[in-house]
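Same chain, two partners: chain A is paired with chain B first, then with chain C.
For the complex of A and B:
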């Protein structure tokens, strides 16, 4: 399945809305989009919205782990929002649920 | 580089065709084309050859001679593409041979046979989706009727997964007969993975030891899909308890140990998410649906249960294996 990425920037934070499945095929595209923000000096806060992500496999978890570690090292805030039940389950089982800031934001 | 004698051969072919010697000359031309490709003759060289051949056959009008320059320019891109494909093919061949080496290495890391213990059956199905599996399992017999079980899912595919597997196996083996408890083992492996792999790499695992005297399985979980326990007394399946962080996420994690005791007829099932994350038609398999399929296998031997479930799920997902699939079944007899 195809994945689309939409970026919304405001003064407070940079938001990345993902729509589609995150797997081994779409993963690299997602990683690149988010890591570009992590490496950008103007970005202090990153939010990834997963409202339109029904399915994610371990590739997605790996991406969020790498982003979390990179943000921690560079002092950026990173959080994810609007996890579907399936994705939330994956976060809980792998233990990422306690490590990454999660919020129930407003979905479009 | 045009081999010697080919020019004469081509001139003869062209002359024969132009003097009306039949359509079979076109077939010969086709065969010659195949041979030229094998010799790595580029499209531009072919055009050049054709131009020279024409000169041998008669007076070539100036406009025809000049037109070859245009054709050569057009065919240069075809030539570049042909060279790129040749390079890709050779890289692909090299990669395939590297994968074959990694695959053979990986197979050498997995147990060749299952240990046999009185009172408990062990069944196993492990199928890689591609040449190299991201699933790892191990079953090692120890003293006093104990054996240790590992089931793990390594992120990433291919060679990096195989290398991580090798690292895990030897990190475990290096502890020898010291046999730390499951919690300590996972704590040790977490440090190994966290320090030695890419930031996005992590491993989910269940590790535990089965005592065939007490029929108890003492284990710890690192971010892994929960297994199942079947209780013969009430004929029901339960989720195996236990949670913990996947290996490689944080610097130092502790892992809670749990224990499950098996009565006669009880079954313990460990699996990777290739079992639970099956796409059946357009939806993903739910855990309670999986339990329904497991129920159909109750009563069979551990291996028959493992085989039966695999066949069922494979048929339901139309014989497509999108992820590595591993299931270990322990049945107390």
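For the complex of A and C:
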């Protein structure tokens, strides 16, 4: 039911791996974790890995839209990768799939 | 499996209007949907629709009240369908916001123009077969999903050969 957030940082980019459910309960933690990176001066590229997100609702869509806006304003790169099938379905139904930058990795 | 008795079997959950319990509501509906024989993806779609309805109730129903209110999740199990009603005793919904929320994000829109909220009702309509929303004293969202057998949603009373 809960959500774990794992950060992997290198010089090139900062990655956030999300595992669990993203809803109105866990959403504020997710938003804070990603926005902290967006607001730090030495971060140019942020990648969010969604392989282990089993449930996401419109709270998650709202978070990604906010992050996309913030990254566009500050000239940062924002990508998502390894969408779980449920997350991909949510992205497609809402139309976010066409707007968000998705990194196609080796696993796809 | 679902019964051949007239009427529906009812399963109800009452929970505080706090985000902490959204997962409990989803798990409840997931367990009920599983009993009707829905596929994994159908169950996940039902969970998402119910999650959105509950989330809307948590956010809006009692927002001007100091204490958390109560949200009701009622599941009605019919042989051919599951009806889920999410209701509250809050302030009701403004019809304007309901209309806004029925559109998806359209590609080609600039990121700056996108709203960060308000996709909940759109998702509920997209994921469920029938949706009825009433807003009087409190909001009630009724959502129906049919169990498709042989590709046809049968009538209540015609289902006679059911595995028990």
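FYI, the second predicted complex is superposed on the first by the 103 of 108 C-alpha atoms of A that agree within 3 Å, B and C clash if a C-alpha of one lies under 4 Å from a C-alpha of the other, contacts with A are read in each partner's own complex, and residues count from 1 in each chain.
Going forward, a contact is a pair of C-beta atoms (placed from the backbone, for glycine too) under 8 Å apart; a residue touches a chain by one contact, two chains touch by 3 or more.
All figures in this text were calculated on a predicted structure; none of them were measured in a lab.
By the touch criterion stated above, A:57 is placed in contact with chain B and with chain C alike.
In the superposition on chain A, A:65 makes contact with both chain B and chain C. In the superposition on chain A, contact of A:94 is made with both chain B and chain C. Of the two partner chains placed by the overlay, chain B and chain C both lie in contact with A:86. Of the two partner chains, chain B and chain C are each touched by A:24.
On chain A, the surface touched by chain B in one complex and the surface touched by chain C in the other have residues 24, 55, 57-59, 61-63, 65-66, 69, 86, 93-96, 98-99 in common. Across the interface of their complex, chain A is touched by residues 19-20, 22-23, 26-27, 41, 44, 47-48, 51-52, 55, 58-59, 104-109, 111-112, 114-120, 122-123, 126-127 of chain C. By the touch rule above, chain A contacts chain C in their complex via residues 1, 21, 23-25, 55, 57-59, 61-63, 65-66, 68-69, 72, 86, 89-90, 93-96, 98-99.
Those residues of chain B that touch chain A in the complex are listed here as 153, 155-157, 198-202, 204, 222-226, 243-246, 248-250, 253, 273, 277, 284, 323.
By the touch rule above, chain A contacts chain B in their complex via residues 24, 31, 55, 57-59, 61-63, 65-66, 69-70, 86, 92-96, 98-99.
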